[in-house]
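In structure tokens below, several structures.
Each of the next two complexes has chain A plus one other chain: chain B in the first, chain C in the second.
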Partner chain A sequence: MGATFRESMGWLHTWSGLVVGLLLFAIFWTGTLCVFDREIDRWMNPSTRLVYAGEPIAIDGLREEAGRLSPRTAPWAIVLPTSRDPALWIGYRGRGGFERTLFDPLTLKPVAPAESWAGTRFFFPFHHTLHLRMWNLGTWLTGLAGVAMMVLCISGVIIHRKIFVDFFTLRRSRQPHRLLLDLHNTTGTLGFVFYFIMSFSGVTILASVYYPSGVWVAFEGGRSGYVRDTYDVFSRPRLNQPGPPLGSLDAMVATAREAWGGLNPGLVRVFHHGDRNSYVEVRPSIEAEVAMRTDPFFFDAATGAVLYRTYIRETSQVQQFLTGLHFAQFRHWTLRWLYFALGLLGCVLIVTGLLFWIESRRKAHAAAGWKGVGFVEGLTVGGTGGMVLATLAFFVANRLLPSGATFMGGARYELEIWVFFAAWVLSFAHGWARRGAAWIDQCWLAAGLCILAVILNAATTGDHVLQAWTDGKLAVAGMDLVLLAGAFAATVTAWRLQHRRQGAASKQFRHHPLEGQSS
Partner chain B sequence: MAKAASASSSAPVGAGKVVVRVLAIVFGAYAASAAVVAAGVAGLILAGVNKSDAFTVCSILGFLLYVGLAIWAAAARRLVPMVGTLLFVTAAGTGIGFLPALIGGA
Partner chain C sequence: MEAALIVAVLAICYLGFALLALSQDRHWLHLCGERHCPPGIAGSLRVAGYASLAAGLCLALLRDGPGFGSLVWATTLTVASFAVVCTLTWRPHWLRPLALVCQRHAR
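Right, the complex of A and B next:
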């Protein structure tokens, strides 16, 4: 596309970055939030703010409860707690679709239901479907963005002669576009490996969606055939004859745990409950190792005899390793914070890239009378600042809406999601209306919303930072502290932007009379 | 966008050519990589490799091929041979990938 390879890569980097930049930001931002998805869950669903330190749990006592909750035609599952996800729950197909009933892990007494979709059910699906379910459009767009990110990484390296110099260069020049480019280069080189691995592992998770060509060639029945063959799923049909009662689930868990080398169980699922052919699947917790290992055991429901142990092939284990690397659900707090920091760095990378595009063209576009810069500026404000505001509005709405609230047919969790999207749309409108000044407004607003969220959390649940910390609810205290840090960063940014804008305006003011005298 | 693109590169390029190149980068490179994945899976299965192994290996490498082809499609000097090559790879890959199934099914 250019005279040289480097010029072509410059063209590719500039324009693909502009076109997918906002999509990438939405994915990076929600991905970064998902690093702490369980902690967001605790903050937004106060009934699940329990403390669990890995005490052994006997689940046999829940057999009757589970049988009562679930109609016997569909499988039901007991999901065991972890310290990050301390509520034990029974998942089943109820009248309104998939439902869960939560229990305290220590007393096994029911806990008030989680009313918000929070991190694991809102941000996580948003991260890979963008909540665009039609024709799987969101999933395909995310995949395209993932591939584009790899292209951007590679073309970005090629257009740079001085990678190692850029690593240490941050010129605090008066020219905004110079500083932006330095920031873009520094964040780009610092996190390069992370961005590439995340985009690559991200697309490989859904390889069977993105490459249906290979699935059609290899497997009968398309994607379900792929899942059946690759994950070696065991099943046996219902006999429609009443069977003996459900045997000891704890004994089955103990058998599986021994074979796994002591891994904790994550999920116990009962198929055809009450039927003579009923069977139980036991899976390990995904916290113990990087790979998202499934490795289920299948037991006869009545006798507890092992019916089948799944075998996952080595190549699929490689894919599960890539998946686990991406999901970051393994237990490692240093790495978790590093993922979070690198995720935020990626957000800075994307924003500075977009801002550099704007600033380096501002004069030329103004001179030529083009509207491109103004349009992209509004779009960038809404797509980046707006995404942050929408997230904060989502948190604030969560603490303001009363339990059981409904509005226009929407349940409480839906109202929160509506607030999220409404705030996002309004941010775009604000961006186009206020252009450059919108950044300052939105930074002030973000700082205010962060503080408000922390205050509302303390007021509605009593778990202010100190209380939560002493009670061992580190997820809640941590989220409050991150919100306060965010408020601080937003305030500093807003203050400095305002200062610079006023400085620039007064300088212009002083310049004009001087120029008039000299001429 | 085409206007600005030509402003930033040395030689002015027609809007039509830019559109064709963008389509080649996004869809052409994908189609070619998907066809090669199909061909690779069929080839490995014929060679006696397990189906899941064949698919997992080829699809994971397929993404890297897509990235490589997209970069090449952006950099290639001449538009027509580039588009021609992508189309040829797509056709050949699809042929190799689905031929065994067609013969086996008949």
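Right, the complex of A and C next:
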């Protein structure tokens, strides 16, 4: 530990940072990608590259279709389109679990199903479950990482000797580990509030998983009581008697919209379809405000009479604000890009922290004959560079696999996920085999994969940047442009690292900045 | 108008952090070539810097209301300050005109 408070905090920061660093990087990286989850969905699922600018939609025409799709015992829902998620879909419990059927928002004609899990179904669950569903293991690990991030933030401030004097300081002309520490310090200090609030809100969103006892003690009926009290949910049981046909959903939507002051609906859900006690829930869109509002209206399914209007209590409103600012599903493009930039800054923070651990111990470990630095270096290459490569391999695999492809019993979306994890594992092997030189290889590879992804997108869908832009498919054009920017950053980084390595080899001691390390 | 306001929020926060950086001896030396930032000037630079950041908050709230406005401002602070850090490190001459203006006022 250490003799003084600051020294013991230094010990805590160093070693907890090393232990959870890679986990934090995986969470930060996927979280950053999730800022543009819907855009990734559009890019990876070309059938959903529709253009919707908020035209009014009549959904009554879908009533029969939805009733036909869904077995009558389970509720089904119509999820209304937004400009970011332009396909309207009907969600229902089918034979193979939860299923969705997509429709064009303007013609209400069926659209080919989305074949990839893409952003909302792969990266988003990865961000909070790591796709480790057994015993909620992934959720517990991300919770641990979230708490550790808060510990790291606070201990980092305590051990920073000159926060204000060094506030704007990034020295490029000194030793590489000095630049790494400066980068770590500035990104950490300047982004402190964001990292802390994101970790805090992330942990609170999943608090009922981490502290189930609180829910059991405080709410009658345990978890269902908690949901009922917190979200003020209305329900009534099925009567098992045939009822009158479903009334006009559009009329119910209009009633709710007027009461919300013009806010658009996001979801219309029908319970006990066909039963005499059937009812309809209409929820507002979560695009208009920071808070993720869930204050639905409940209507009688046949008459359209209002059965119940939910009011969310103040404490739950605070929780919904925290949830909303974390999920970032609102429509605010400036804020979305600012979140993306801050997410990348967080990735730089984590990588520079790990690299500083390595660089500041390299000589001592080499002199003592220890293997620690080599091991951590390989781990860092695989856990950070490898994460980026796995993401890019995921994109490329998505554009290479033919529609309906299966392999060894895996559906197309599973094949993409296998490619992701295979690329990740291989990156670790590569990191241990090549150590420091692995960074250069992986930067070149990342640049190549970025460009390949852009080319494949143009070749397989015809939506090259200019075409997508003129067609109004800004999500696709934007993703291609970010990939090209990534290719540029990776090329510059690779070139500079290579240059520096050659310089060091030929004993010409030259230094180059390491910016864009995580790109 | 909307677009102009968001550019103004970014610009004014950037300016605020640039002024705060100039009030520090290290960056004053770097940009003005003098060892110390004169105490009176440092004080005014700090006041002007914080005032710029506060003005940024007002503009953000004006544009987006309390919910989005406060988030836009808080996130802009990080991005603008990191932009100042990068400017000071890789393109310090971009801030030299600002430094010259401040230096002239010091005399």
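Simple rule for what comes next: the second predicted complex is superposed on the first by the 502 of 519 C-alpha atoms of A that agree within 3 Å, B and C clash if a C-alpha of one lies under 4 Å from a C-alpha of the other, contacts with A are read in each partner's own complex, and residues count from 1 in each chain.
Throughout what follows, a contact is a pair of C-beta atoms (placed from the backbone, for glycine too) under 8 Å apart; a residue touches a chain by one contact, two chains touch by 3 or more.
This structure is a prediction, so every number in the text was calculated from the model and none was measured.
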Legend entry - Combined model on chain A where chain B meets chain C, clash or fit: fit
Legend entry - First (chain B), second (chain C), both or neither touched by A:L466: neither
Inset, instruction - Scan A:Y339 for contacts with chain B and chain C and give back first, second, both or neither. - result: second
Legend entry - Which of chain B and chain C A:A305 touches, first, second, both or neither: neither
Legend entry - Partner, of chain C and chain B, that touches more residues belonging to chain A: B
Inset, instruction - Scan A:V318 for contacts with chain B and chain C and give back first, second, both or neither. - result: first
Inset, instruction - For A:L239, decide between first (touching chain B), second (touching chain C), both and neither. - result: neither
Inset, instruction - Go through the superposed model and pick first if A:W15 touches only chain B, second if only chain C, both, or neither. - result: first
Legend entry - First, second, both or neither for A:T187, with chain B first and chain C second: second
Inset, instruction - Would you check which partner chain A:A366 touches, where first means chain B only, second means chain C only, and both and neither mean what they say? - result: neither
Legend entry - Least Cα gap, in Å, left between chain B and chain C after the two complexes are fitted on chain A: 20
Inset, instruction - Once the two structures are superposed, pull the chain A residues common to the chain B and chain C interfaces. - result: none
Legend entry - chain A-touching residues of chain B, taken from the complex the two chains share: 1, 3-5, 7-11, 13, 21, 25-26, 34-35, 37-38, 40-42, 45, 50-60, 62-64, 66-67, 70-71, 74-75, 94, 97-98, 101
Inset, instruction - Flag every residue of chain C that touches chain A in the complex, lowest number first. - result: 6, 17, 20-21, 24, 26-27, 64, 67-68, 71-72, 74-79, 81-82, 84-86, 88-90
Inset, instruction - Spell out the residues on chain A that touch chain B in their complex, using ranges where they run on. - result: 1-3, 5, 7-12, 14-16, 144, 147, 150-151, 154-155, 200, 203-204, 207-208, 210-219, 226, 229-230, 313-316, 318-319, 322, 361, 364, 370, 372
Legend entry - chain C partner contacts - residues on chain A that touch it in the complex: 165, 167-172, 186-187, 190-191, 193-194, 289-291, 321, 325, 330, 332, 334-335, 338-339, 341-342, 345, 513, 515
